[in-house]
Structure formats: C-alpha cells, structure tokens
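Just below sit the structures, each encoded as structure tokens.
Next come two complexes, and both contain chain A; in the first it sits with chain B, in the second with chain C.
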Partner chain A sequence: MSIHLTEEQALIGQSAREFAKEYLDPIAVELDHSSQYPTAVVKALADHDFLGLFLPSEFGGAEAGFVSLVEVIENLSRSSAAVASILINHSIAAYAIQRWGKADQKKAYLPALAAGKTLGAFAVFEHGPTPGVGPDALQATQQPEGWVLKGTKAFVRNAGVADLYVVLACTDPAAGGKAMAAFIIDAKASGLTVGAPFDTMGLKGCPVADLVFDNVIVPATAMLGGLTEGQAIITETLAVASIAEAAQTVGIGQAAVEHAAAYAKTRVQFGRPVSTLQAIQTLLAETATDCHLARLGLHEAALLLEQGKPFQVEAAMVQQFLARFGAKMLVDTVQVEGGFGYSEFMPLPRLFRDIAGTTLLEAPADYPDQTIATALLA
Partner chain B sequence: MTLLSAEQKQVKQTAKDFVAKEIIPIAAKLDKAGVFHPQVLDAARESKIFAMAVPREFGGLDYDALTQALVLEEWGYGCAGVGTTLAASVLSMDSVLVAGTEAQKKMFFEPMVRGEIGSFGLTEPSAGSDAGNGKTTALKDGDEYVLNGSKCWITNGQFSTVFVIYALTDPTKGMKGLSAFIVEKGAPGFTIGTVDHKLGIRSSNTVELLFKDVRIPVSNLLGKEGEGMKIAMMTLDLARPAIASLALGIAQRALDECVKHVQQNYPDPKVAQPGQTLQFKLADMRIQIEAARELLHHTMNLRDAGLPFSVESAMTKTSCADLAMKVTTEAVQLMGAYGYTSELSKLMRDAKIMQIYEGTNQIQRLVISRAVLAPAKPAVAVQKGGN
Partner chain C sequence: MPKLLVCYKWVLDEQDIKVRPDDLSLDSSRAKGKISDFDRNAIEAASLLVEAQGGTVDALSYGTPAVKLSVKDVLSRGPNALKWIGDPEADKADAFVIANVLAAAIRRDGPYDLILCGEGSSDMFYQQTPARLAALLGLPCVTFVSKLSLEGDVLTATRKLGDSTEEVRVTGPAVVSVLSEIHKPRIPSLKQVLGAAKKPNEEIAVGSLGLSAEDLKPRAVRKSPRGFLMNRKNVIFKESDAAANVAKLVSSLAAEGLR
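On to the complex of A and B.
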C-alpha cells in the first residue's frame, strides 16, 4: 500500500522532518510551558508551503495530496504535536471550502489559505452531546439582510488566531442536529467574540476557545454547500481530521518509543542496561507495533481519500484502533523510563499530555464504532 | 464493597467529608501551582490522620489496615498528590513499626501525633528498581554513624521532620551491607537538593536529600546492621496497598466524573440516553473498580488477621494502579474535549505514577510471577497406601 511512498512523498516527509528539527525542536518545550501561539513558526510553515500542501495548484496550493499531508503531520508531531494541531485545523477548514465551495468561494478564499495569509479553523462542537441541540447551540436564521447567527461553538481550535472560521449552524431549531448548514465567517465579523482560552492538558500553543455569536449577520453567499448539507460536511470533514490526527498520534508515539529505546540502553539496573530485560523489550515492541499498524492504516485511508474513493470506514478503523492503543503508547514508554520518565525535565511527560488530546477531540467516543458497524451491517 | 464495621463506615464517611470540604475545592489550584503547600495539612492536623497507623500506646489512631485503606482511597479520590503526602508519611513510619524499638517508635511517632510528616528514603539515581544498588554510606565512628551520599525522589522531603534513610554500613557487602536509620530534620550536613517537577501528583513535594558527614547516634539504627534490605521489603509490603488505595480513589473519581458528565448531557433518560457503547464502558469501569476494591480489602483483611499478604500486596498494587491508568484514560476519551480541558486530565496524569512508585508494576509482576511459578504445595497431605 501507500506505505511505499513515492519519491515526492518521501521527499516532502523528509523536508518536514528537517523543518521540525530547525523550527520546532528549539521551541517545543517553551511552547508547552508558555502556551503562546507560535506566530513565527506558523509563518515559517506558510513559507515552506505546508499550509496549502494538498490544495490544488490553480489556487496556489502544492497539490501534493493527502499522503504527503499525513507524512508532514507525523514528522512535525515528532517534534511538536501542538504545531501540528494548528496545521490540522487550518487544513480541514481549507478542505471543507475546497470540497463544498462554489467556484467564487474557492477563488475568494483558497489562494490566501494556501499561501498562509489566511489561517483557517473548523468549528463544529457545542456544549451538549451533539451539535444543534444544546441550549446555546448556534442557530442560523434567514432574515432579509442575510443569515443571522446566534449561539456558541465550543472548543474551537485556532480560535482567536484564525482569520476565517468554517462553522456549522442549525437552521431549524425544531429539526436540531438534522438541519445543519455550514458558513464561512470572517474572524472580524461584527458580533463575533472569542471566549477565554481553555486550559488544555497538552497541545499547548494551539489555542482552544469558544466562539460566541451575538447576531452575526452574513450574506447568503457565506453559506458553504447546500442548506441541508451540513451533516455531510461534518461527517466527512471530521473523518479527514481523524486521519490527520492519527498521523499526529503516530508521530508522538514514534518520538516516544525512539526516546524510550535510547533511554533503556543507557539506564543500568541489576548490573545491566534495562533494555536487556524482556519485560522492557515487550513494552517497546508493543508500542512500536501499535505505531506501525496505525501508520499503515492511516496511510491507506489517506490514499483512498487522495484517490477520491470511499475512505470513512478506514478512517474510523484507524480512529478506533488509536482510541485503544494511542494513549497506551505513552503510558508504556513513560513506564520504560520509570521515575525519570515521570519527571518534567524529561521529554515524555509533554508527549503524554499531548497524545491524550490527539485521539479524541474531533468525534464523540462512540463515533468510530458506529461508522464501522453501520458499514458492516449495510 | 466489603462488609465494613460501623466504626470503619464512620471513619470512611469522615474522610469523605473531610476530602470534600478541604481537598477537592483546592486540588486543581494545587496541581497548577505544582508545589506543596504545608497549610493543606492544617485541617488534617486536628484529626490526627497522619497518625492513623501509629499504635494507640503512642497516642495514634491505631487504625487497622482496612480502615487505613478506606481513608487513603478517599484522599486519592480528592487529590492523589495530597494523598501521596499522607501515604508517604505512613510509609516512613512503617519501617519503624517493622523494626523499631520502643524508644525509636516514641521518637518517630510523637511528631506524627502532633501532625508532622515523615519521609522514606531508599531510592537513589542508581537504585530505582534495583533498590539494593545504592551508594549512600553510613560508616560507624565511635557511638555514631557518619552518613554520606544522596537520595532522590523523596516524597515530603522538604517538609518532613523525621526520616527513615537506608545506607550501606558495609559497602563491601552490597545490599547485605544495607541498614536503616532514623534521621531527624536539621541534622548538621543534611540538606535538600533539587525539587522535582512531575507529570502528576504535583501538589506533593518530591526532592533530593543530600548527606554530607551527617552524624547520627547508634541508637537511631533500626534493627541490626545489614538488615536494611529486609526492613525495606517488609515496609514496602505494608505500603503497597496504600498506593493501591490512592489509585482506586482516582479510578472511582474518574468514573464519578464521567457519570456526572453523561447525566448533564442526558438530563432526562426518558427523552434521550447515551448509546450502549458508552453505557457499557461505564459498566465495565464499575465492574473493574469493584473487583479491584475487593482484592485490596481482602489483602487488608489478611494483614489484619496476621496472615501472609506479601503476594496479595503486590497484586493489589498492580491491579489498582493499572486500573486507575485505564479508567482515567477512557474517561478522558469518553468526555472528549471536556475531559481534556478539565480536572479529569489531572486524574490521568496522577494515575501514571501509581504504576511507577513504591516498586514499578514490573517489579510487582516479578514478585507475583515467582509466586505463580513456585512449586504448588499439595492441599492435603498424600497418605501412603491410600487409594
């Protein structure tokens, strides 16, 4: 499968690794401590064409495809998964516009997104079990002056730093989550405010906050896709996001297992390196295996997506796998490093906090199971 | 839950109330600050809870092992960092319980009864799982021992008044030359080194202890010279269920937080309920927590009955620690962004140390697998000539 990368994909992955060493390794620890959005690094991502990697060349993108994108995300995540989070949320907003945008919308937004002049964000969640049903669910009402948006989107990544948001709003309170539509909203729109950033466990530096819409008025042309297409946009875009986040998880896991293996060779107990103990070898072997199998799965899903084939079941399977084995990669590699591994002067605690956020933010816990089972039972 | 006596139930309830009032409201703040605040213990002093393991003749509460486990579960439920402060202090006095003379017990336990805390110092950079590989020495000089070296990752170190320190009285004999000593705060040459910052249990104090020509009277030697390893192992047998209790408290808290979250999302079960995937995850958490609690309480019953419990001690530490890690990870996932931005993430970080300290779960499995593979003893003596 696609694990045999083309020459171009391998080169892009390699350049992302070099980028990460040059730009991310020096700031990753400080970023984790300060949670300050890394403006300069995001500009460097843009300068290296990573922000428009999969977008068509007619809009200024690199048109390098989704396998390249996941290669980049994995390689960035090995150094800073927080920076990868910024890239992921930007990319899925761009994906939605590229996939459902009308010709003039694409022309209006994609070149700036591809060049990194505009940072995007995708806002789907609300405070409540599913979007469209909670008391402060974002409602869009059609008025003579355009669509009027009122309500809250929750836990939006890149909130406050993005220039545009792709938001999902309910157009019919009676139908709730079944009547969702997507809108492209300028971050400077009147009536739109960003809540206080959430204190996240990890992935610090990628801001997460609520977006509060107080009668934000947008023209009818701001709607992305059709009036009833919101649910399809949510499902497909989140499936794309889950592939990207799987690459992020694998990047963190790969960095962790490499660090733990190197550490185990130097840590001497009972008169020999702990790497010679079978129990330690098993922890390393299981982590490396989980990482490898997840990578195979996510590459397959990315390739299917790239080829325009159905990919959502495969994406859900990777998500399902990582829901069970993603966090375990860090639970086990910290274990290899013992008391040292638990200390914040060592690198794995940051990775432990980061990986807990890469396997869960983009879908409810039972989403992958439902997707897979529905396909099986169809 | 195990059938508890009226007194045990009452102690559990008192601990629960104390934790709800004094610990839970400040746990997130303490975690964020990442430093131990001694005033956390002000409220605990009055209750003498830090002397819960001290025998009554020394003025302690003299709780049985099961009751101690009940208290520690509640403290773990409130904040495993503050719980670790209590558990580590109990751990330090376990060595004195195991090997101390009456005079030594008096010396060590009196501060506990006053609400002060203690530390247990075995680990060194070169002696983690390989506990017998320490380099700290205590060489005899007249009627004193002279202590030189360092200990690392010592809980409470900066705030303890009494310490049990393990050091080599005969460095040529390796772990057979290890001995245990009571060392008091402020002894000349005894200083605090690095203060550690950790992934979790951040409200507990973890430091390096430095000893430079620290002179301690021979009367502070616990047991005999060379008995250090034996005392340490007996101490850890007593102490591991304390970690199991904290871990169990973390797991129970994670389940309770999940339930609260689900009930908020589905306020009226007649209108809407979470799917079976989610419901069964909660059911599994409950099953595993109950089973782990039974093993812990069984272990405590064995100890209270004076029966061997060393293997059970290792099993309960392993199972409760692994459970806490599993349940907290699932809870964070189940609650999604809410889990990742709430105190649940603290539970997950706190849970991780449970698999590491007081003997890693790998060391526990070593102990357990030796017992598993030991030749089985026949249940009934085989009679010659029988059928």
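On to the complex of A and C.
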C-alpha cells in the first residue's frame, strides 16, 4: 500500500482484490492455456464499474481517479495480468476520447464505454519501425465522402472483441510519423477486418491481432483531436498506458514474491526450510524491494496524472526501472523455487510469460531514457 | 417496511498476524483491520432482504477506536446508515461486555424488526454475542442460520445443525446469527465504495449509554494468546525392507507416547 492512498483508494484496491479472488483466480490457469477471451469476466468488470473507473460521473463513470486505476490494475494482475490487459487497453482508448474528444464525441461514446456496453481498444503500432512509416502504414486520405483509411495497425490488443477502436493514421505520406491524426472507428465499419489472432508468449486471453483497413470511409466527425494532434495523442496516451502497465508488472511481481516466500517456508532442503538460507532470503528481499520501489514510483506518476500535472518523466522513470528489474523479479523468484518453480504446474512460468508482455508492449513512442534525458538536459 | 440492524466486529486480519518463533507470541503490528468474516455474511443477508422487499438496514459496531476505519467499508456493502462505538477498553471486552454495549445502543435507537449477527467473530469466535444480545433484549434467538426469509413480521429460517437441518418460524422481532453459506458477501462496486461517504454514520460515546462499571467489566480475561507451530521431526526411515521401516515407525511412535 502506498502512502498516497486515501481511504477510498484503499477500499477500491480491496474491492479489486476481492474481485480478483472471486472471478480471476478460478480462471487464470485455464485462460493461460486456452487464450479464450473471458467474456463473463469482462461483464463482471463492467458491473463493478472498473471499465469506467476514471471517467467523469457526468458520463456514467466512477470518477475514481488514476491512483485508484493503478490500485485496481495491480490487484487484478496479482491474479490475472491478461484480464488487466483487457482493462488497460479499454481504458486508454477511453482516456483518449475523454482527453481529446469534442463534446458530442464524449456524449456519444463515453457513457457506453463507462458502462461496459462498448469495449474500447487503442491501435497505434504498425509493422514498420514507427507509426506512419512502412509499406502497410495506415494512411488517411481526405476525400469528398470523408476520410478514407487504408493500411494495417499491428499488435492491437482487444482486437476482434472491441466495439470501437481509437486508431492513429498518417494523413501525409511525405511527412510520415509527423503527420498523424486519431480517428474513432466503429468495429463494424465496412472494409475493416481483424487479422488472425497472434499466439502470444503471455497475457493469453487478451486477444492481439492486426486491424486491416481496406478503404474504410469515416466522416470528418470521426477525427479525435485536431489534424496535427496525433503525435501528442500517441505520446500522452502511451505514457498513461505505461503507468497502468507498471502497475500490472508490480502486481505480477507481488504475486511471484508472495508465492516464492510461501514456497520457501515449506520446501525443506538440507534438513531445514530453504527460507532459512541466506541466498534465498537475498533473492526474496531484493524482489520485494524492487516491487515496493516501483509501486511508489508508479503511484507518484499516477497522482501527478490525476492532479493534471506533467507526469511523463515520472512515468518514464518507472518504466525504465521496470525494464531493468521487472523480468528480474521473475528470474529470481523462479530461482527461489528451483526445479518445481520452473514446472508448469506452478504459477511462476505463467507469471514469467506475462511479465515479459507487460514490460514490452505499449511502450511510449520515445524510449523512457530519451524522455528522462530530454527533461534533464532541457 | 422492516427496519433491520446488523451488528459486526472490526477485527485484525488473521493473515497479517505473525507468530514470533522465539516465544510464540503474536505480532499484529502490521495487521490490517477487516470486517469479521461471518459478519460480512450477515451484512449481505440483511442487505438482500431489504433490497428485495424494502425497508432499511442500520449497521452497529462496538470496538476500539480503530472501528472508525470500518465506516466506509461497511457502508459500501449495503447498509443505509451506521452507528459505531469506539472505546479504548474494547480490546479487553469479552462477549458479556460486547453484548451489554450493543444491547444498550439498540435500546437507545431501536426497536428493530430483525437483528442479524455473524455466528462468531473471526478473532475470538466465542459465538456468544447473538445469544446474550437476545437475552438482554428479551427477544427470541435463532442461531446457525443458513437460509432466511422475512414476510411481514414472520421470520422463517433454516438452521444447519450437525447432521441435519431444522426449519423454524419466529414472529419478530428476533436476533438471528448466520453461517457463512447463507449468502456470499458482495464485492462493492466502485460507485458503492465512493457512495459510502454520503451515507450517515454516527459515533456513540460508550459513556452515553447508561452502562455501569460492572456492565463494562469483562468476565473472561484473556491472558496470553500464543501461536501454534507444528515442528516436524523430519525423520526418514531408510531400511530397504518395508516391514523393517514399518517396525521402526511403530517403535518411534510408541516412544513418542502413541499407543
């Protein structure tokens, strides 16, 4: 628990933990095996207001803030980071509409997103090196009938199950990634198809696929923000995502260290529990410390975001920290559990695969080092 | 419309209590509070009754001043209002004192058509408070309830006994203590958590209840709670002959005093 938490934030975290024990613990292993999208669980997330967590109450949201969001994501991720991924991708799409939407767009989309009647997804990545560059980059061309979108968005989470996508498209091929604009696209739009699902290493159950746009026509009113605001939308929304994913990583790490500590107390080697061995204690202590420090950092970033203050540098610092120590938390806890911990009938292999995803996906367009250094050297 | 009361206890989460290996004393310095497990079932049962047929649910708790920490938690789980009594001496209270205080508060703010409690608290599990409360208030008491309905002032309850069940019908008001299987406690939604702050809650000073020093003097004194650690002997019999291993096991158990 962080020093920042109010009573309500702590209770929201507690509710999320209760939710995770009730709905996620029973399905986490099966989800990892089947990769089957957990429809009933996502409905339960909606019933408990998690899908509209930070959205304003005027649109049906709980207006609980971003510190509550990271508390919820950490507590869900302790049981199933895959389900947390579904929530994160929905949430960042809702964030983008709330942050850059015009009044009529907010009115049209946010109530359904908050209630969970509509699931959102944020589609930014492409097969090229950066969005807007590459042979199949999504291009938006203005025609008399509206904007015509052609190209592919890659690695889109919630692809195929989302009802709407916030997509970033290049509006000027000559300018490439510098001319990006965001659009709100109905999943049923003519010409939009979902590619074959990617079989991912972890976070199974949160579908990932390409979105293929074959001359999808949308009206001018589908544009989110201004013509030149796409890059700002990408940068800020992915920074929000990086905070949420840091909470996801911490949740996985917390689950791993708790499991490893409990196991170490019961596993007897050399005539005594391995928890009495200093080498084991060091691994556990370092993992718990990494987890705790990352939690403090991400709560600070979430609080800044909630207060409307600049948060990108702090978010990048947490991301950089977890890029170095996130996977290490699992390397070390597997080490604690030895051969048994490496076995698939134990939870750590699943957590290991999941943490690889949370520290890789939805990275900010700028590497965190660059964000931090730019602020330092300005 | 029925007016219901649910009593609950704010206890330390047993998962956070550590046993010190040197003297087996309990370390609760990092333990968080929680609503006692069976009491959460009682809260849910009361809330479902009024959600189905109207009425109101008040919650009532007696405990140390830390009980204040439970205000938003309990109000997010269904009750319409809360009254709580924070008393620094409550950590020494036994079921006699707890029942006296709760009964006095109920006399002050009642009457209620139905009073629900958990079968026992997660920390002490005396299982005495509901029965004592009923006796003090002169009401019938129905314990071990696994199913409950209320029609008018007639309460129908299924009691789960050792190897059988018993259905009883009582004309209210009454005190009922419920088992965990009666209803699974709800997980509050975010709006219910945030809405809890808007519900009324009132602190009652224990001194305002008209209780005497004798009423507040515990009859049972808790001396020294100790943890229990099971130390395994880690003996392995490695004879190649199974019969010899069994013989050694039997003699070893006999040496330990097992006959």
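Basically, the second predicted complex is superposed on the first by the 372 of 378 C-alpha atoms of A that agree within 3 Å, B and C clash if a C-alpha of one lies under 4 Å from a C-alpha of the other, contacts with A are read in each partner's own complex, and residues count from 1 in each chain.
The criterion applied here is as follows: contacts are C-beta pairs under 8 Å (C-beta built on N, C-alpha and C of every residue); 3 or more make two chains touch, one makes a residue touch a chain.
Because the structure is predicted, anything quoted here is derived from the model rather than measured.
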Message: Once both complexes are superposed via chain A, do chain B and chain C end up clashing or fitting?
response: fit
- prompt: Now for A:Pro129: first (chain B), second (chain C), both, or neither, which partner does it touch?
  reply: first
Task: Quick one: classify A:Ala220 as touching chain B (first), chain C (second), both or neither.
output: neither
Message: According to the stated criteria, A:Leu53 is in contact with first (chain B), second (chain C), both, or neither; which is it?
response: second
Field: chain B versus chain C as contact partner of A:Ala378, first or second or both or neither
entry: neither
Message: After the superposition on A, what does A:Glu344 contact: first (chain B), second (chain C), both or neither?
response: first
- prompt: Now for A:Ile12: first (chain B), second (chain C), both, or neither, which partner does it touch?
  reply: second
- prompt: Between chain B and chain C, what is the tightest CA to CA spacing in Å in the combined model?
  reply: 5
Interface residues of chain A shared between complexes with chain B and chain C: 268, 271
Query: For chain A, which residues are in contact with chain B within the complex?
result: 125, 128-129, 154-155, 198-202, 208, 268-271, 274, 277, 279-280, 323, 327-328, 331, 334-335, 338-339, 341-345, 349, 352-353, 356-357, 359-361, 363-366, 369-370
- prompt: Can you name the residues of chain B that touch chain A in the complex?
  reply: 32, 123, 126, 128-130, 133, 152-153, 196-200, 265-266, 272, 274-275, 277-278, 281, 325, 329, 332-334, 336-337, 339-341, 345, 348-349, 352-353, 355-357, 360-362, 365
- prompt: Tell me, which parts of chain A touch chain C in their complex?
  reply: 7-8, 11-12, 14-15, 18-19, 22, 47-50, 53, 62-64, 68, 268, 271
Message: Using the touch definition from the top, list the residues of chain C that touch chain A in their complex.
response: 69, 72-73, 76, 187-191, 193-194, 196-197, 232, 234
